[in-house]
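Presented sequentially are two complexes of chain A, the first with chain B as partner and the second with chain C.
== the complex of A and B ==
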């Protein structure tokens, strides 16, 4: 039965082509607003996660490792590599004024795995002094304490059912997996010094290590440094560079500056597209509604002649605008979530930055903002149509057709 | 003809899945030594399963027997679930989640099979509804 309550829905169903066009534009608007802000949020989230995961204020590597270690790009596109320096550098660095904590790390890269042509970066830490990796482990569910031949893998490493990963024919047990950071840290395998020494020995035995002259007990790959409270990080980094020979010093700020630049570039481009698409969507919705008004003049005039007041006509127009925009908005949000969550790695690779989806609470908030934006468009469109309706003379319109 | 067009949509979606998984959304390429990576088998399995389901969906579009139509849609629904699970759950994929099989093939297969599953459910409901109306 026809009633005033279901009249807007019947109208939407009756004008299927127009409704479809309105739905598409409402969807386009929410995809632009919600999808765009999600992309910016995802890149920013990646940057924050990496910053918090770095843990150290300064990182020291051997000066001859420049080919394997570029501070600006290492977190975004580093190829697995390894380099060593004398362990004695650790004590030299620890003696520099302003240095509070030092912890050595030892790197190793796997040979191409049999299954999938992928090389993995192995990072070993010293459990006694480490302050940068163990806090993540504390936040990660693991199968017990990390022992000899136990590893924790980054989020991009697939964990097979047997939870075993093989390097140089040595089996390692995967005891946990870190949450994504959107950086090259996700492609790494983390272990203690005893495990990596076993693997280095195994690589020597297979002739797959270019540093066969080194004794794994006397070398380290880098030193993670925490500066003393109140000390200036840049000044301490300069002091290390001046006082310790044969090393290259980089601050964590330098390391994430590359990502920060990419973030600013992406945020700028995405914001421009978001605004353009939203304006196009809004203008098209208003245009379709205005054209609809001209098309349906006689319908509204007939309703007025039958006794429908301005309130009823406003209700019909507003009901139609709100329903179609809300439906299109929800569809746009669902589409954005499905595409962004399914292809997040591909999007990150395409943008050339780390991409970590925002939390569910943030997503809900962004979805709400996007819905409010399309509802605002519905309110503007219906306001224009209602304004025209109030100036319409029903009797003249009905006479026009006679 | 106009009536049969909507019934062809499931078959077209299945066909799109097969074409996509063999072209734009294919799994990882060949290794340097000329052998295929693990995920290649998952890609082939999806293509074969998708092809069979496309044929069943096409058959269902031209059938008039409502019960058979519902049964075929139930089979394509089961096919959607199996195909969804093929890359990564039923068949192994590569080691790094940054590789094509994880970044392109798996999400594409999962999105498309969710669509085919919804279309199959819609097909079952439509078949049952028509049957009841005709009584």
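== the complex of A and C ==
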């Protein structure tokens, strides 16, 4: 039934092409505001998760790995890697003043060959000394204690029904899976030292390990370090660098600083695009809406002749502007959520950082802000048109072009 | 219902010359009583439409007043004037006046829905479409109609609210002879039922239906 209330919707339907254009630009605006802010938030969340999971004050790696390794590379880039140093370094590091806890890790990468289920980063830890991985295991549902050939996998690793994953033709049992971090930690497989040694030996046997001269019982890849309460992390890191030969040292402070720089860089770029897209979307929306109303001024003059006052004309214009912008805005939010949820891993890899979607509450808040922005656009465009209509001489418009 | 114009005059500024005006309508007195049908004829540009727009409350006169019964139209605020035009004046402007997103029937119903939330009087609208001979087009869109059909739609719409005054600017433009006569008969019948009707037209046939024929010439009204 025709009513004054549904007249704006009928008009939008009647001018389908231009309504579609307005919807697209309103969508563009919310995709820019909501999607852009979600990307920044996702990157921040990802990096915070990675940082918290790192769980160590200092990481020590072999210095000959320096060119192909830095902590951020391991954490944030996709390609698995591995490198080894003599296990004796662990004791040397533990003796440095200010070091409270040390825990070794051993890295391994599975092969792309048919003997492995997938190319993944394997990280072995020592359950007796570990303080960085086990706290997250405690928060993860697992099927009991981690024994020989048991693994816990990152969130991106596919877990089949039989919960078996194969490396170098050795079968491992998946006993749990971690929640996402948005980083390459999600592509990792965690195990104890006994398991990784079996796998390293299997990789030697297949000729798929470039470090075949090493004895798996006497090598480690890195050492995670917790400094004593009150100790200066930078000073301890310098002491390790000076006192232990052949190692490279990175502090969590440096990592956080690097992470902060990446985040600022990415956030800056995304913010610029967000603002540009929003301004373009807003200007185009205002332009199309104003032009559309200009073309329809004869309709408004006719309504005036029928007795529609300025309040009624304003209501129709405002109804059209708010409806089309709200619909487009909601569509843009839905589209952003769908795209970001579906392609979050790709986005993280593309940006070279961890990516974890913000919480539902944060998303709702962002959605509200994005909708307020399109409502502002609707208010501006309807205000312009209403201003023009109030200055319009309806009798003259009805005489024009006849 | 009585509509009365007293000393109505309209000046327009000349384009590009801010201090120079031309007078489209010289001071005119006109009285249109209930049941009366007056035809105003004259050449293009003689001021007929300007006079009609001033009488309808759409165009503020430079001088003079328009009374609808005892109400001075131009003393009212915009809201009250619009409401009076909706309820008491059926205005048929020149040219097409349709909303392209609505059907013909919905276009006819428009004056009702502007201020009423009740069910629109579809039966009355259909009856009016029947009277102007386009009932078969009630579900058509305005862009499917010819110019003459659009004029008839506007005529039906002007009568929906049973206005006491009907002001029609070239209502029969674009109509064939048969439909012209049907429309003029419709106006005559409305006048006979008590409406005050002012027709601005070039149509010679209208004189046969009007109670009085006036001519506009150079902005002045002559008998």
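Quick note on the criterion: the second predicted complex is superposed on the first by the 349 of 402 C-alpha atoms of A that agree within 3 Å, B and C clash if a C-alpha of one lies under 4 Å from a C-alpha of the other, contacts with A are read in each partner's own complex, and residues count from 1 in each chain.
To be clear about the criterion, a contact is a pair of C-beta atoms (placed from the backbone, for glycine too) under 8 Å apart; a residue touches a chain by one contact, two chains touch by 3 or more.
These figures come from a predicted structure and were not determined experimentally.
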item	value
First, second, both or neither for A:309, with chain B first and chain C second	second
In the superposition, chain B vs chain C on chain A residues touched	C
First (chain B), second (chain C), both or neither touched by A:231	neither
Partner chain(s) touched by A:379 [first = chain B, second = chain C, both, neither]	neither
Touching partner for A:393 - first (chain B), second (chain C), both, neither	second
Contacts of A:10 with chain B and chain C, given as first, second, both or neither	second
First, second, both or neither for A:202, with chain B first and chain C second	neither
Touched partner set for A:156, first chain B, second chain C, both or neither	first
Common interface residues of chain A - those touching chain B in one complex and chain C in the other	none
Partner chain A, residues of chain B touching it in the complex	28, 31-32, 37-39, 92-99, 102-104, 107-108, 110-111
Parts of chain C lying in touch with chain A, wherever the complex brings them together	49-50, 53, 56, 58-59, 78-79, 81-87, 89, 91, 93-102, 106, 109-111, 113-115, 117, 119-120, 157
Contacting residues of chain A [partner chain C, same complex]	1-4, 7, 10-11, 13-15, 298-299, 301-312, 393-396, 398-399, 401-402
Chain B contact footprint on chain A (complex, rising order)	113, 115-118, 120, 155-158, 160, 186-187, 338-339, 342-343, 345-346, 349
